[in-house]
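Below, subunit A partners subunit B and then partners subunit C, in two separate complexes.
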Partner chain A sequence: MSGCHEPWPENLTHGSFVHTEAVVKEPNYPPILPSLTAKSKSARQRQVVEHVNKICAAPLAEKLSLVTRIQWKKYVVYPQTFARNADKWYQHLTKTTYIPGLPEKFRSPESPEKTTEKEGSESAAAPAAGLDIDDEAFAVIRDLVTQIILQEHWHTKKHTPFLYRRQELLVGPFLRNLVTELTFTLAKFNPLFRLCSLDINPQVNFYWRRGQRIIPRGHRKGRQEPTRFQIDDHPNCQIRITEQLPQFAQMEAFYDAEVPEITVSPDKMPLFKRQYDNHIFTGAKLPDPARYGHTQFHLVPDQYHRDQMAKRGHSDHVEVFLRANAMASLFAWTGAQAMYQGFWNHEDVTRPFVSQAVITDGNFFSFFCYQLNTVALSVETDANNPRKNALWGTESLRLYESVKDGEVLGLDDGVIRLLISFLMNKP
Partner chain B sequence: MPVTRIFYPLYQLGNPQLRIFRPKWFLTLVRPGKAQPPDVAQFRVPMEMTKYDIKNYLEKIYNIPVAVVRTRIQFGSNKKRNHLNQKVKQPDYKVAYIQLAQSQTFTFPDIFPEKDRKPAEGSMEELTEKYMEDEKQKQKSDPRRGGVTEWFGL
Partner chain C sequence: MFPETSRCVTAALSPFSQTALWKDLSRCSVTHGPALCCHQPRRHLSVSRCLTAKAPPPPRSPREKVHIPGLEMVTYADRMHFVPGLAKPVSPQWERSYKDPRFYKSPPRHEMPLYKEKPCYIFNQRSNILEGVRQALWLTKTKLISGLPPQLLMAVEDPANQIPDQDERVQNAIKHARFWDTTEERPNKDNTALLTNLLHLCATLKCSHPATSRRTLAEEYSLAASWSRGEDLFQVRGRNGLLHNCMDPLPAVSGREEVAETAAHALESFYPVSPTIDLHKTQEYRENVNCTGFRADFPYPHAHTVYFLDGADTRYKLNREQFRAKMLMFTFGNALARAHILYGSVLDCPITVQAVGTNGRIFQFLVFQLNTTDLTGDHGVKNQVWLEGDVMLYDFAKVRPRIKKKQVVVPAGLAGYKPETFSKFLALYLHGAV
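Then we have the complex of A and B:
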């Protein structure tokens, strides 16, 4: 009839509607991807994506070799450098914040009381407080340290050192002896040391990319090129362990931390470019079971000794040098440890990697702790990455005043406590 | 008087140290061509000056705390030729990059800032500028035609 219109078409009113599941339709044609071999930007992007996926899917040894395969000109970063403001530069290059002082674990529990009561009685009464060793063991270790100092500086007869080889002759053996003796003595308190590996003069290498620049001249002019860096470090000795040290702070705690931004090219630091094999090495090859790092010990060479710096009028630069050394060395070590676990630029670390370092020139000791929260430092991966690495560090603390007539004068217990607490760090 | 070559005596340990009281050297502070870190100042210095000379010069005469001096010699090009097809050499010069101590910073100042050139009221320049602007406005086509040429139409 005209005038009346049905609300629903006739061919669809078949009675009741039965609820059915949505039919999953398989696509009839394969997905449309850009070409792999064409001379176009999308083809290049697809090549890059395929390469990244290939590296992610590869087994560990092959992954490392694929990441470090191609040689290009890269900046060689020296941890021990004469450059001014090196610590700010290295903070920018490794995306690290610097926190003065040590994490809560290592802060002495006596410090709030020292201000009110006498220092001598407090420290003498409980020298091993806060550490997991008894007072007897502390006294034994104290004697051991005096013996080691006297051995190198009093008992052994050494020829007058050649120019700028004093540290190598006197302080190198002292540091090595100190580390070996302390590790063996503390092995009964720290179960980690029974399966640890103590390396003497090891090699630590790391290769990474950060930032990019426009190529100014040449057949690749105008294109973006990532800046590559390589660290080749030789600590005096290091301890590697089979289990990982616990983190010092949550990764999220550093999301708002400040990392200095430097817009100038690294050439102005000065930093120089070279091309050679890209190495990533923790101190031992891949199959070694002691994969995680515990502590590194560095020696300050003669040119950067505080007396030499004072002669040149750079006394304010001593602390800067130590900080830069710790930052570069520990970043390289923790980065290499992370890569040995399979984390790399495009697969960021899932847990923080932690290591410690002690830098000394024989008398003054500085303690540093490093937490690696991210390895993704290249331009593509760093765009939305809020994570930052962190370095805690102290100023240099004096271990002893001088050696006179077979006696060590002014031995500081606080420094020995810090050393022991560093070595006793365990999960 | 022609410039004669000055030979400074070579210093050996024990010799009296050379002291220059009124140096004939003049430094030129220049704007860096490539971006430098904030604590670096760039100078053009005479070729005979060494890094120690530059450091002492700035510290003693101008009281500038200098941490580190780095120098390089810029080769002046010998490529251009004059109307007689002879090569014309542009002089070589030494550039010094001075890093300042005590965390001081330096940025090269803007010597030629942009000025708002507005001629004085009622002057000849203002009248001529206004006249030129009016003439330019007359030359432009009617904006209501939307870019269509004048000859297109009925």
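Then we have the complex of A and C:
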């Protein structure tokens, strides 16, 4: 029926339109947006969207100050806490999954499991295997560690420590000395350390929102309020570097990981609310060139020392305390590093931020690695966010048995290896 | 009080007498001191009574009890109650059978176990001596040479002995210590951060200078050194700061001829001021105590550099002259303690110890050479000290610019950085390792 063929309307013809670009028509009228100043829900939503866009468009220093500008009551999260099951709570608050053991690169080359107590024959055969240093350097470092232990515990004349100040007097100087000496001895093999910044007793702060609650009473009763958290941490010392460490694993690997959900309010942990300045701080302000974190070293205070815990009958809580400490401290540090690069709640990280921590009470060392995959933890941004942060960690490993008559007995090479491999981590 | 009495009082007091009442009260507070101002005004319920508060009578000294030997007083101890006419029973002094630190009474001076007739003058980290460096020179029998030894400074001019990008990194270190270290806008007063940063910068040279890894840093150590000068005993005691210990001794700065020439030098006297002024005089002390703060088998027995922080302890403040004197005394104490412990009473070769003191901006550099431990007389070979004081690292490090009459006098940030100061710091650090 070719005769009754009507001309096809022009706007409905196909064929040659497949490979051409769509014609962009300029709208004749401006977009219809809800009001900005009306007393309505849509106006409030538009105000929030405008504020978020304003923060996204602002330069870095202003972005940080805009995010932390207004003071509200917030939960103060203490990394070193007496609370039971603190690690489960902190996993929920920071959306972190815990993986026992260390990532692939820190596992010893001989056995796939993590290095705990290595046999003497195995270690004597190749003490520096898997590390980027030679055996001679390993022997030098081993002697150095022995000297530092002896200097603090045997050679220096110290007065009797006052109650609950033993760690500050004996172990604090030991840790600082150890970190300083090891860092600058390994600077020969790890060029990052020639430009690093070693902070002694720095401050690390982070402020974020996670979850929401219904305000129970007051003039805002019935409305939803986001729950705000603040961490104010003081590690014993930390190393900050100018380049970022490489990721331990792909972000997508943790999409199916398990993060415990706690439906109860954080008051039950117990966490307490306070209102003061919101700080986001990696250890130095924005203009500092060393913006990325390498390793943090934490000291277990006297009240949470394993002997004190044993006296109170909380020996099972020792590992939980260490995990919670590492989780909160490293989340705060990596989160602050991410914010220093311009990522925040509504602009999620495009690359994972990685840091390490070593927590010790002088004799027992625990090693932790953290990978920050997401900063978007508030209710609006977390709804469809499959990313999760990850923490790897070991149990406490004993460095030496005791110090007797000027000798260190039972020095564990495996722990020294781990310490060196942690410090040798570089891009 | 009862409402009726208060009404009576207000009715009785006419408006004119009320003013008289307040004037009298204020007068009595003036005469009797400010303590009475804060006490509640007494309720003067009687109108005709004297209004001024009387001071309480002074406590009378108790009557002197005369003890006549052989005469036994008859007391009311057996009666178990007071009886007028009988004497008060005196019970023997009760002593606790166990030791309780809350109720410990120290024995009188002459009964203390360490008491000695001859007093000892002790210099500790809080001593603020009147004549400053002059007094310290006299006490330690030292000759002062201003300026650092030139051979030390020559070593740093070699580019191999410098840190790559030295100026930029030192300026970053200063900015970190002064601006970036805290969340507050204004930097904190603590100046340990700058010294730590500079020491870390110097430590990055470990890879190229392996001799610097034969050192260790000690944070808190207790020093004790004693010597006698003339007829007096002197001691240096205390915990003063950071100490770099080294496995190898520092080389002597001046040769034998120069050391022998110091015998002709006369020590500066500041008569009539006594050289023991402002030193802590005590008669309870341990004699001949010489302790470096470490055990005898410490693998780093030689002192390399002592670092002093001015203003670290807020309980006392020292002027710059007195701070230099403190540096000199403690460096001397370190050298002397090691001389006694390592070499005995006769010193074979001179002992050199360095010192760096800072308040965050202004540095004092000191190199001390101990030539003799015989300090009793004023003649003979003297010790030597090279002192360079009041060296500024930078002029200003301000958060907000200083503006006078709408002109910027000092800009914000770091201003007036002087690279020579860090070169001297590095020279002292590398001395003995180059």
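Following the convention adopted for this analysis, the second predicted complex is superposed on the first by the 395 of 427 C-alpha atoms of A that agree within 3 Å, B and C clash if a C-alpha of one lies under 4 Å from a C-alpha of the other, contacts with A are read in each partner's own complex, and residues count from 1 in each chain.
The criterion applied here is as follows: a residue touches a chain if its C-beta (ideal position, glycine included) is under 8 Å from a C-beta of that chain, and two chains touch if they have at least 3 such contacts.
This is a predicted model, so every value here is computed, not measured.
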First, second, both or neither for A:Asp413, with subunit B first and subunit C second: neither
Partner chain in contact with A:Asn177 - subunit B first, subunit C second, else both or neither: second
Partner chain in contact with A:Glu347 - subunit B first, subunit C second, else both or neither: neither
Partner chain in contact with A:Glu243 - subunit B first, subunit C second, else both or neither: neither
Partner, of subunit C and subunit B, that touches more residues belonging to subunit A: C
First (subunit B), second (subunit C), both or neither touched by A:Thr185: second
Touched partner set for A:Asp302, first subunit B, second subunit C, both or neither: neither
Set of subunit A residues, in rising order, touched by both subunit B and subunit C: none
List of subunit A residues in touch with subunit C within their complex: 147-148, 151, 154-159, 173, 176-177, 180-181, 184-185, 187-188, 193-194, 197-200, 202-203, 205, 277, 279, 281, 284-285, 287-289, 406
Footprint of subunit A on subunit C - complex, ascending: 164, 172, 175-176, 179-183, 192-193, 196-197, 200, 203-204, 206-207, 213, 216-222, 291, 293-295, 297-299
Partner subunit A, residues of subunit B touching it in the complex: 34-37, 39-40, 67-68, 70, 99, 101-102
Subunit B-touching residues of subunit A, taken from the complex the two chains share: 84-85, 262-265, 268-270, 313-314, 316
